[in-house]
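Paired with chain B in one complex and with chain C in the other, chain A is shared by the two complexes that follow.
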Partner chain A sequence: MIVCVAVVGHQNNPLYIQSFTEADDALKLHHIVHCSLDVVDERVNNPKKSGPTLNETFLGLLYPTENYKVYGYLTNTKVKFIMVTTDLDVRDADVRNFFRRFHAAYVDAVSNPFHVPGKKITSRTFAERVSTIVKSFGLNAAG
Partner chain B sequence: MGREVSESCLESLLTEIVSSYCNGFYANKPELAARRIEAIGFQVGHQLSERYTIDRQRFTDHLEAIKFICKDFWSELFKKQIDNLKTNHRGTFVLQDNRFRWLAHVSVDPSLDASGSIQDPSAMAENKASQATGMHLYFPCGIIRGALSNLGIPCAVSADISNLPACSFVVRIKA
Partner chain C sequence: MKQYTNVLDRPISKGKQEVSLSGFAFLFSELVQYNQTQVDNIAELERRLEDAGYAVGTRILELLCHREKGNRRETRLLGILSFVHSTVWKVLFGKVADSLEKGTEHEDEYMISEKELLVNRFISIPKDMGAFNCGAFVAGIVRGVLDNAGFPAVVSAHFVPVDGQQRPRTTILIKFAEEVLQREARLG
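On to the complex of A and B.
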């Protein structure tokens, strides 16, 4: 299950952050997202030969914690997408697919002429679409 | 899933934008009108670059981003690629389009045209027809600038119309 997703702008400014848990642990999840930004920078500046292909948007598993796995994605326009999940065996293809749909939703949201670039995304449609994408994550794997 | 846009509608809209800014809102301040039109283009380019780079790997250097503008971005916008790309390898790129779509239907009075070629949209005070044509180029200039700056490349873009409908855009990357 995905517990938290975030969109972070190119100056590490939060554009959208949303947690999907019942418990009151939003702060902890935000902290995890915050920490992952450094890992993203590190990945981009010192790319590993063995890791995902150079300059690919999908950055793969950023770091595992005791209970969570954190995945990252960096677009051409230096916008970062972060996803925190509690599933411990996740298929790479599922995560890629998730980020692709998330990115598409983001692009549609910022193409709104009333959206101010660099400001938080307040669109309700975007929030609904993201939560649909989050809910459908991993359904194929289970079925 | 591609969406289609009527070309004639878009061309009419562009003409109307230019005419209402130049003759309506900022009739006495062409500089200000140019800046406003360029700003509209900037936002359009900013948003389009987000959309058109969705399935691409990240660019490693400026040249790669410029090539993207010349090929894929231009194809999406105008159904053709830039015809010629020149660079001095020091941050200046010249993108030449031999038949720029948004100027294809612009006609200039031949008697006025005889007065010679115009180099820079800002420096053509004497020739009114060319000035009006130049006004139409602030929008595509803004698009290029918006797309590049969203890709992390701050730059200045100007346009040059020496022989219609060919048109070249000069991109100067800010160090």
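On to the complex of A and C.
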């Protein structure tokens, strides 16, 4: 189950953070997202030449903490998507699919002429689409 | 081709991907006229058109990266230049740009030339405006794409007279920032 998704701009400024648990640990999730940004920067600046290709957008599992897994995705404009999940067995294809749909929703939100790049995303449509994608991720993984 | 017995099962077509040229020409001429009333000199007008193009550039980069490029990110100079030269031009103007050249005098200069920019098709510049080019809008688009992809540059549009042709050719001059060249040299 996905507990949190975040969109972080290219200067590491938060553009959109949303948590999907009823519990009140939003602060802990923010902290986890913040720490994972360092891992993203490390992966980008010191690429493993033998590993996946240099300019892949999907970064994969960033780091596993006690009971969370954090996945990252980097777009061409240095905007990062972070996804925190509690599932223990998550298929790679599912996560890639999730990020693809998330990227589509993000592109639509940014194409809004009233959106100022660098400011937080305040579109309600974007929030609704994200929660739909998050819900369907849980269903696909379980089924 | 599958034959659909029920007309409701047929997939919906993507629709025409074209926009009316005259509609765009009128809208662009209004943009230039509106900006002209707000400024005092030509440099300011050029800057405003460029800023308008910059916003278009950022959005088109996001859209194209998601739609066309799949999972790749551009990290090399030639990669991003050929991306601008073919993919961006194709989406915006329906064809690839006429040519992409490397500047001979300076290491950091590249030029994209076009026989006739689409935005300039119905515009003729009055003599007293000197070297002003409404292609500053397209220069702004290119700057928006390069800037947000991590290649900061100064982009400008110039007229280059060609023998044998009545209307001069337009060249978009791209001058990359120092850090881009250093990074490119480091990547080898």
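FYI, the second predicted complex is superposed on the first by the 138 of 143 C-alpha atoms of A that agree within 3 Å, B and C clash if a C-alpha of one lies under 4 Å from a C-alpha of the other, contacts with A are read in each partner's own complex, and residues count from 1 in each chain.
The rule we apply is simple: a contact is a pair of C-beta atoms (placed from the backbone, for glycine too) under 8 Å apart; a residue touches a chain by one contact, two chains touch by 3 or more.
Note that the structure is predicted; figures quoted are calculated from it, not measured.
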{"item": "Overlay on chain A: chain C relative to chain B, clash or fit", "value": "clash"}
{"item": "Which of chain B and chain C A:Q18 touches, first, second, both or neither", "value": "neither"}
{"item": "Touched partner set for A:V107, first chain B, second chain C, both or neither", "value": "both"}
{"item": "First, second, both or neither for A:S131, with chain B first and chain C second", "value": "neither"}
{"item": "Set of chain A residues, in rising order, touched by both chain B and chain C", "value": "10, 53-57, 74-78, 103-104, 107, 110-111, 113, 117"}
{"item": "Contact footprint of chain A on chain C as seen in their complex", "value": "55, 58-59, 61-63, 65-66, 69, 71-75, 148-150"}
{"item": "Residue numbers on chain B that touch chain A, as the complex places them", "value": "43, 46-47, 49-51, 53-54, 56-60, 150-152"}
{"item": "Touching residues on chain A, where the partner in the complex is chain C", "value": "10, 53-58, 74-78, 103-104, 106-107, 110-111, 113, 117"}
{"item": "Complex interface listing, chain A residues touching chain B", "value": "10, 53-57, 74-78, 103-104, 107, 110-111, 113, 117"}
